[in-house]
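Shared between the two complexes below is chain A, which has chain B as its partner in the first and chain C in the second.
Our next item is the complex of A and B:
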């Protein structure tokens, strides 16, 4: 114990910060989810699991949950496929590769809100530039374009496109890191045995990327599940609940309806879902062992 | 033509991130590439380049258009006239006090970064250098924090900062940004410290240097790249933070740009040219910062985030 006391001045501030701003709010959130809290913030006593019953009993709850699953699966899946292709290209030598790598970083560093805003503008009917491009190339026949951001379904689909776009850089770079640990000998051996480029990639390179891919997928699942800004910008002004995920619903409870108790209950559900996903994933894929 | 090889980044000095696998890295295809496939790669690279820069080019071109042009029913791809004065006039737009929003973003990000550095650096150093009971518990705590994001905790954070009287203050967001970026900073700096041979420290200690002197005089110069990576990462993440700021900062002037700009959406006549001008001002500096650590994003990041 004496050595722990000696370590305390070094690690103490970090422990205090995590305890105060991460662990304590988690506890408070669980506590609040069992309370009846008025819109002005007064705690009117415990209600057991009634908040959870209200949240799950909400008529749009199950569609929202289903949409959350679609959101995570489609975005992470497309991101992974795109990143594998991108990383394979960026791992090859060609003049200008450094420039391309730099360009790929940009959506990672840029604010997700701002990236989504430009796409939102581009999709506006009449003056949106993406819309007018689609008209110019003949994909849309009406001159004013299509109200992509006015309908929940299309707005949600475009939000997924943006989510994939901003997730690609991190995933690509993680897979690039994995590619650099693939020994040249194994690839050359496959070549000598007469395997073509694609065959070599799928049977030799890809299996060795398992570590990098599983880490990237795990972190992407957490990020995409927790993502708020894209949907908030893209679908936030659409009335109703036909484009919501669990995360946007939490913020609707909290901000539009000022029901912090219900928001807490849904947050607890989201929190447990993330923990369950991570636990199952770590058990099945074991991403932390190989990297 | 100089030999173009298929290796990743060029080999670096001794201060590379400490993933052991790096030393064993071999090039994974032949050195000589036929011209045909080289041209094919360049073409694919060009497509990638355009796709990834396109949203930001639209932003840039839009930022110098007039309001009439950017809202014209016959949209132009390029500005017909370049109105650079937008970059001066945009700060006075009625939707939100943009100048204050920029200052908020700057203050919150800078303070959060400094706080992370002050808290994470000693922890990273000590856990990499010394064994003590509770060390693994601490490192586990740090890993777990990385799995949690502020978005899912906002309801708890909101009530907590009301109780503390810190709702709608910069201090609240400085603490949140610092806490949620702490784990990455600890991990990346931890792995850098761990890569310095312990003998270096011991030699200095024999010469009579204390733990603090060893850290500042001997270790810091060697782990400098790790510190830069942690600093840039924390700064950029705080700069772009959205979910917690949206709930914890209620006064318009206190909010960062990420929150302020969303207020333009759904307006009767959105001043998109101003939204884009501010976005360009907010994006260019952090993109340049990020490019500074590009080399370490391959490898160092994964080592930092999962080891």
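Our next item is the complex of A and C:
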């Protein structure tokens, strides 16, 4: 207790900052989710859990939740596999490696909205470059191309492609950093014992990457779950709710319908889902433990 | 130690999940109040329509101050994004501007903040407004907004494509279907009728069809979407799509990108706005096109109008004369018409329309302006209606029946 008091002047500003920018907004979100808030923002009193009932009772809620799970699992999974391969490649010495390493950073450095818009325009019928290409090589028979971003399934799939693309750099570099901590002796020893390339990678290198991979996956799960801009751009013009995840649904409640109370309720649900996923993950994988 | 590390991790995670929700802003501005040396000061708060807006207003104010040396005008220009938060902050702080240019006015009128228009304009100025626009600016029979600038819609027709297909410019839905099908049959990616039901402005295309069939979205009292009158238009949209008279994927096509295709000459007919004329002029001046009234079920002319308004705040109630002087000066055709013209919109006054009647490009719009119908923006549920159309109307392009789509929109409005 005495120690705590002594420490207070040093940790005080940090605690205050966390309270102001983390705890207060979370508290406000929880509070709003139990209120009836008019479109112009006037608080018309408490309604208990009615907002949650409305949100969960919405006929598209469960499909949206399921799609969110698919979104997170597929994007994080593909990102991880791609990053492991890329990191292994970039860890080898070859001419021009420095340039390739720089190139891998580009999707990270570019604005996500810009990257998505570039792909979105490429997919437009009539003038999109991807559509023109597919028409020219004869894969699409209609001369104006196919409306990739106009059908829920294809728009969602393309959004996943973009999400993987922009998630790759960070994951690759995290794993690359992990690869460089793998001692050369362990690989050498495996070779001497007669292990082939694949066997060495899966039995010797990969286990030593556990720390890097598990941290990368954890951060990716949070990022991808909370990702709005890619889906917003890719699926924004589609009517109905057949391409929505929880995040785009929160956005629709807030921006289109101006129902701050429902948006807050769904945010609380999203928040709890993320916390639950992370809690399970931290328990099972223990990414923050030393190897 | 492991415990602390986990705590740190959880804090980091909490941070990551909540930063997205902390982006809210509080903004405030102050303005000089009152009178100096016996002269009156009017505060004018306006949005920026284009880069030229501020200069336009400065010219108006310079002319007005010369004619009325005892009145000073303070101009404040804000972006459309900020405008509504700025006016709300000013009202809360008791510093409402004397004259404000914006869209919705019913909320201010209900809070009794505004002068009725008849109290701050001379009889001549008031009588000069187009009657349809005045009706649209009324709450419970009293006019609170001065119709400021207008926008209307008309059918843009690619004459070259229609001629090639041997099709006529349509006036009714049946003629439209026939002409559009002929143009679509040209092939090569050409579409007969450009139908944007995507979220960008689905409510506009909905109005074009549902109202053109004799329906409406309701009035200031009740929003009525799921009605037999509206069903006629919704079903005809389905017919157009099913018979291949429109571009592919009408349900998820946004208006602006689709109009780009029209400008490129790949679409036979599409509904456009006055600024569309300028777009064609700058992007593809060679396009052979003409502008016609929107086809309706029985050929009766109509257009979807949108109007922004000027409004006068009462504040202390001591500037009524100065405000009247300003409005009377501004709405003279010599001052008003150049303003409207520079911004590419349509005038809301009879004298303004007459002054612009020589403009060939605007003529088709001016012609239909007296028949303009408006969104029920004075209804508190309008925002919910607008978003329900954006989110759901495009489902007409799909397996859902027209009746189900209208019912779903009505449900969402009623729930909102």
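The rule we apply is simple: the second predicted complex is superposed on the first by the 271 of 291 C-alpha atoms of A that agree within 3 Å, B and C clash if a C-alpha of one lies under 4 Å from a C-alpha of the other, contacts with A are read in each partner's own complex, and residues count from 1 in each chain.
The definition used in the following text is that a residue touches a chain if its C-beta (ideal position, glycine included) is under 8 Å from a C-beta of that chain, and two chains touch if they have at least 3 such contacts.
This structure is a prediction, so every number in the text was calculated from the model and none was measured.
**Student:** Going by the contact rule set out at the top, does A:122 touch chain B (first), chain C (second), both, or neither?
**Tutor:** A:122 sits against chain B, while chain C stays out of touch.
**Student:** Contacts for A:75 in the overlay, against chain B (first) and chain C (second): which applies, first, second, both or neither?
**Tutor:** Touch status of A:75: no partner.
**Student:** If you stack the two complexes on chain A, which partner ends up touching A:278: first (chain B), second (chain C), both, or neither?
**Tutor:** both
**Student:** Count the residues of chain A touched by chain B and by chain C, then name the partner with the higher count.
**Tutor:** B
**Student:** Pick one for A:147: touches chain B only (first), chain C only (second), both, or neither.
**Tutor:** Second partner only.
**Student:** Quick check on the superposed pair: does A:92 touch chain B, chain C, both, or neither? Answer first, second, both or neither.
**Tutor:** It touches chain B, and chain C stays clear.
**Student:** Using the touch definition from the top, say if A:256 reaches chain B (first), chain C (second), both or neither.
**Tutor:** The second partner, chain C, only.
**Student:** Answer with first, second, both or neither: which of chain B and chain C does A:240 touch in the superposed model?
**Tutor:** In the superposition, A:240 contacts chain C only.
**Student:** In the superposed arrangement, does A:176 touch chain B (first), chain C (second), both or neither?
**Tutor:** So A:176 only meets chain B here.
**Student:** Which chain A residues are contacted by chain C in one complex and by chain B in the other?
**Tutor:** Of chain A, residues 18, 21-22, 25-26, 29, 126-127, 144, 219, 222-223, 226, 228, 236-237, 267, 271, 274-275, 278, 287-288 contact chain B in one complex and chain C in the other.
**Student:** What residues of chain C sit close enough to touch chain A in their complex?
**Tutor:** 2, 5-6, 8-11, 13-22, 107, 187-189, 191, 197-200, 202, 247-249, 251-254, 257, 260-261, 264, 266, 380, 383-384, 387-388, 390-395, 397, 412, 416
**Student:** Within the complex, which stretch of chain B touches chain A?
**Tutor:** Answer in residue numbers: 4-8, 21-22, 24-29, 33, 38, 41-42, 44-46, 48-49, 52-53, 55-56, 58-59, 62, 70-75, 77, 115, 118-120, 122-123, 125-127, 130-135, 138, 141-142, 145, 147-149, 151-160, 162, 175-176, 178-180, 182, 186, 236, 239-240, 242-243, 246-247, 257-259, 261-262, 264-266, 270, 272, 275-276, 279, 282-283, 286-287, 289-291, 294, 297-299, 301-303, 305-307.
**Student:** Which stretch or stretches of chain A touch chain C in the complex?
**Tutor:** Residue positions touching the partner: 18, 21-22, 25-26, 29, 39-40, 124-127, 142-144, 147, 149-151, 219, 222-223, 226, 228, 236-241, 252, 256-259, 267, 271, 274-275, 278, 282, 287-289.
**Student:** Which stretch or stretches of chain A touch chain B in the complex?
**Tutor:** Contacts found on chain A: 1, 3-4, 6-7, 9-11, 13-15, 17-18, 20-22, 24-29, 32, 41, 86, 89, 91-97, 99-115, 117-122, 126-129, 132-133, 144, 165, 173-174, 176-185, 187, 205, 212, 215, 219, 222-223, 226-229, 232-233, 236-237, 247, 250-251, 254-255, 260, 263-264, 267, 270-271, 274-275, 278, 287-288, 291.
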